[in-house]
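Each of the two complexes below includes subunit A, the first together with subunit B, the second together with subunit C.
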Partner chain A sequence: MTAITAANINASREARPRRLEPGALMIVPALLWLVLFGVVPMILLGCMSLWRSTIFGIEMEWNLDNYRTIFSDDVYMRVLAQTLRIALASTVLSLILSYPLAYFLASAKGRKKTALVLLVFLPFWTSYVIRSYVWLPMLGRQGLVNQVLLWLGVVDAPIDWFLFNEGTVYLGLVYVYMLFMTLPIYLSLDRLDPKLVEAANDLGARPAQTFVRVVLPLSMPGVLSGCTMVFLLACGVYVTPQLLGGPSAVMFGNIIASQFLTSNNWALGAALSVILVVLVLGCLYLAGLRWGLQRLFMGAGH
Partner chain B sequence: MVTAPARIVPSHAAPADPMSLVRPVAVGIVDVWKSFGATTVLKGVSVTIGKGEFFSLLGPSGCGKTTLLRMIGGFEAPTAGEIRIDGKDVGGLPPYARATNMIFQQLALFPHLDVFENVAFGLRVQKHPKGDIAAKVKEALALVRLEGFERRMPDQLSGGQRQRVAMARAIVNEPSVLLLDEPLGALDLQLRLQMHEELRRLQRTLGNTFVFVTHDQSEAMAMSDRIAVMNAGEIIQIGTPEEIYEQPKSRFVAQFVGHTNLFDGKVVAAEGQRVTVDCAGTPIVAHAARPVERGSNVTVAVRFERIGLGAKETTIEGRVVERMFLGGAVRLVIGYSDDRRMTADIATNGVTPSIAVGEPIAVGFNSADARVLTS
Partner chain C sequence: MAKSAQAPRRRAIPRLLLTGYAGLVYVFLYAPIAMIVLLSFNTADFIGFPIEGLGLVRYREAVASSEVLHAAINSVLLGMAAASIATVLALGLALGFRYRFPLKGVVLQMILVPIVIPAVVGGVVLMVLFGYAEVSPGLWTTVLVAHVNWALPFAFLTLYPRVHRFDRSLEEAAMDLGARPALVLRRVVLPMMRPGIVATFLFSFTLSFDEFVRTLFVIGSDRTIPVLIWTLVIERNSPHLPAVGVLIMAATIVIALIAFVTGERSRSAS
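Let's turn to the complex of A and B:
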């Protein structure tokens, strides 16, 4: 009987003439926007990466020199590897910090919940640059933390290793991007039917077992979505490492920025950008194969 | 908090309560109170449920029946009073430490687990050996007739099938007490009738105690060994479905269970259990389970279907105001003595009585079918 219905459905699907869904036209503005600000710049970037920068400007002569330069100098590859490592580590750190926070937010009730969610959002109304910059007056030699430590007599001289290392970059990245992790996890936890937790308890699961077997799997869409967002954002970052990283924690974004802003080698910068984009798209593709693209971005459940 | 010893048989349940006298006690609820903030939802409820009994908590929404069920399951703590399961005080025990399992109103199947894993959940968290789990899940799925559905996800099942998964998931743990929180509410009528049979069959096969919460009186009557009728946080009456139906103690029970005419009046004559009540000029001969005094105000309850055409011990003459064909019966709303209304269901037996709206009519009932309410 099921076979018959399935066959019927297939038959009716095939018989139906191909027609545009009603409302298909509604996506046209979004599509235009995407083409204009997403696809066209990418094509330009791709073209430029195959041209040549000279002191007189861009020469539109097709060649692969930029890519040859990049792949022959292992500095670029080292920075690329370091970038992926930092992005991955910041993602994991954000996840570790965000999950308990999101859980706490989701389990709050009524007014308290509104207030707490607002508090979590509040810093994100400030610019990203300021949120990175703010760590300088906090952690610098004359910064707040050193002042307090000196005043308390914990140290005799100000500590100068707070800033300008990889650790500070993690701190900055996690602080700047954590919301993109917290929010999807919070949403998936908030949507979780509390009756499922009751059902698990009823069936004999202790709180820890309930978490592992019910809460965690059902919040995975939020976790995946958050990890994707933070990883993508951290891969392309350059302000945070520039302000907080110092020379040892240079990221790929910094190299690209310097080609455009200081070295005036736009073609090489374009080639570096293309490599980063391809790499990130590759990561996304692999993750999409495993979990489905829709889940990665929408946090859509089951 | 409560020092009174657990009474095995609450006094008000004793006379009409043969079940709990012969069976060992599965659930004992002793003077349980529950308040949420300023609202008191349970006001000193006591009831004893026997082992292997199919027991229903019946009442309108907000009467406290679900709260009582959730307290047995360990999801709410009583504000005062004691709950005992298999003779042990379970106060303070979380749900996972109780020998109860609940079938939830919204079923609460785990959406990320297939049918097999849903049913196996309880066994897995209680660390049963792997081989055991497969065998037990198979057995439970066979009991609810869901063999072959092991690898389906809950959203690939029909309402009735989901219902069966929820049942299998609960019974596979062999709970001493199975709690059912209106689990059939979402199903259509046909499926519900089918599930009534299924639940009865399961309960007979397994022999567990079932505590069933419902607001549907026909559902409660069809399935239960005994029913506790609840209203506004109190148990109004406990008894077998027959007792509840035939001997309602109060106005509330008479109206909530089945369709009932209520006649208010003054007792004008009493000879033993046979009394005559004057209801605004209409004399009604009724049966009083407890002696009533002449001159006292009482209410007489008469079921719609116990009223027939023609003269009986009590005869009422009036005019047909409304006529509805119900299939097995014709429902007549009859106006009598000025502006009073009563309703009679006249069995058709294949021949529909030819009575039209506006025609004069005489209907009657015998004293055995007219009960004086005792409270």
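Let's turn to the complex of A and C:
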């Protein structure tokens, strides 16, 4: 009965030649919001990147000087290279931590599985700033790690180099973004048909072979979307390097922020922002994920 | 992924290694949180080890601080406002998306792109926009817009699958029986979608409550909880910081759990 009704509705929908159905007008309020606060400011930022910052404010004089400055100055190029390196390293580290964890979660069963998955989620629902800050009292001179090492007699004086270097930023980023890797891998492993694994076993494959030839290839979509997500998030990060990076591990987000918050060079900041956005959208396009992201975020957002 | 029961012995050792590895990852996830909870009970007037004594002094300070109270009130009210706006806009989008209209793909990209735009850029674009529009930064103007911008794509992604699934024939039946669109919305559509709407609202609230980077660029002199925590971290002389952190973590986990449970329920209901 319902099937018939649904079929009829579909048929009548197909028959309707109009391009715009009146019900679609419900999107108008949100559309206005998105244009006004999403599209317009982005266009304004793009224009501003082609203007000139002076001590008297922005002059609307079209030129490419901001981009010329960025691409000819060693400092910006070094920060860009460092940003990509940090993002890549934290992506790889997240993958190394996440894959076995996701496999473990996918192979658990029943209530235990629900509890284990929930336990992975919980920390990521808490404040992002606190989860970044937490490494200061963990790794500082009076931090937990140093005090334990002192107490054990492993070291005579607290170690200084735990904090404020590139490694600390890797750690902070993995801690903050790991879920975006674990989740898609878990989802792809969880969907994997157990019959395939059984078939491989029955045909005499050793467990390692089954993993490499069956499980791993089938979980690649999850690995790919996890890597893309963590890489993109890490490319645009601000808080982690600001808190944990010190002067040696500055990232693109930090130099953008400083143009707007301290050195008041909005036009240059706008050009840096445009470069970052192009980089991020370019990576997303290359990964070919595009709106497969939708699924990933639906998972993340419960 | 159910493993076959064959050759259990061959599996035992890898299985043990896997469980051990996963256990270590859980330790990595929870050790910092356990440490911050321990530090929040420290009576010493610096944040660090060794622990001088355990007590509730820092919690008393945190609760008594008018700074913390104001920021908490700001964050809660702002979260409710941002979540309401985001949920209403997302509801319109989700309902509208069931129909055909031109440039649907472009509109979908407009909704989803903010997710991957780096937070710093999401903040500075609004700083620039409101700078030119001569809107002075404040909680109820610039910050509210920043939070709705951030929550909207997630609100849409939470609502859309729930709206998409339910049968449009019920609405059409009500229409055929002579109900006007507003009445159909109020009496048919909304009641059916209530759990999904509640889950979307709560999820949007947690996103707003935790939002920091976008907020930083447009907040002016107001304080939300994440911005206050940031200033406490930067100033480095607030021994009650871990206590504030633990209280906030506890609150957000409770809200997120409620959102999660409601979401699951609405998913299984529809």
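Definition applied: the second predicted complex is superposed on the first by the 249 of 302 C-alpha atoms of A that agree within 3 Å, B and C clash if a C-alpha of one lies under 4 Å from a C-alpha of the other, contacts with A are read in each partner's own complex, and residues count from 1 in each chain.
The working rule: contacts are C-beta pairs under 8 Å (C-beta built on N, C-alpha and C of every residue); 3 or more make two chains touch, one makes a residue touch a chain.
Remember, predicted model here, so these are calculated numbers, not experimental data.
J.: For the three-chain arrangement built by superposition, which of subunit B and subunit C touches the greater number of subunit A residues?
T.: Higher number of touched subunit A residues: C.
J.: Could you say whether A:Ala115 touches subunit B, subunit C, both of them, or neither, answering first, second, both or neither?
T.: Once the two structures are laid over each other on A, A:Ala115 reaches no partner at all.
J.: Figure out whether A:Pro217 sits in contact with subunit B (first) or subunit C (second), or with both, or with neither.
T.: Only subunit B is touched by A:Pro217; subunit C is not.
J.: Touching A:Met77, do we find subunit B (first), subunit C (second), both, or neither?
T.: Once the two structures are laid over each other on A, A:Met77 reaches no partner at all.
J.: Between subunit B (first) and subunit C (second), which, if any, makes contact with A:Glu198: first, second, both or neither?
T.: Touch status of A:Glu198: both partners.
J.: Considering only the touch criterion stated at the top, classify A:Met60 as touching first (subunit B), second (subunit C), both, or neither.
T.: A:Met60 contacts neither subunit B nor subunit C.
J.: In the overlay, answer first, second, both or neither for which of subunit B and subunit C A:Gln209 touches.
T.: first
J.: Looking at subunit A, which of its residues have contacts with both subunit B and subunit C?
T.: 198, 201-202, 301-302
J.: Of all residues in subunit C, which touch subunit A in the complex?
T.: Touching subunit A: residues 1-4, 6-7, 10-11, 14, 18-19, 21-22, 25-26, 28-33, 35-36, 39, 46-50, 88-90, 92-93, 95-102, 107-121, 124-129, 131-132, 145, 148-149, 152-154, 157-158, 161, 167-169, 172, 199, 203, 206, 210, 212-213, 216-217, 225-226, 229-230, 233, 241-242, 245, 248-249, 252-253, 256-257, 259-260, 263-264 of subunit C.
J.: Could you list, by residue number, the parts of subunit A that touch subunit B in their complex?
T.: Against subunit B, the touching part of subunit A is residues 193, 195-196, 198-206, 209, 213-214, 217-218, 301-302.
J.: Taking the touch rule as given, give the residues of subunit B at its contact with subunit A in the complex, in rising order.
T.: 73-75, 94-96, 100-102, 104, 106, 108-112, 121-122, 124-126, 153, 155, 169-170, 173
J.: Residue numbers of subunit A touching subunit C in their complex, please.
T.: So the residues of subunit A in touch with subunit C come to 2, 5-6, 9, 13, 18-31, 33-35, 37-42, 44-45, 48, 97, 100-101, 103-107, 109, 118-123, 125-131, 133-138, 140-144, 146-147, 175, 178, 189-190, 192, 194, 197-198, 201-202, 207, 232, 235-239, 243, 253, 256-257, 260-261, 266, 269-270, 273, 276-277, 280-281, 284, 291, 293-294, 297-298, 301-302.
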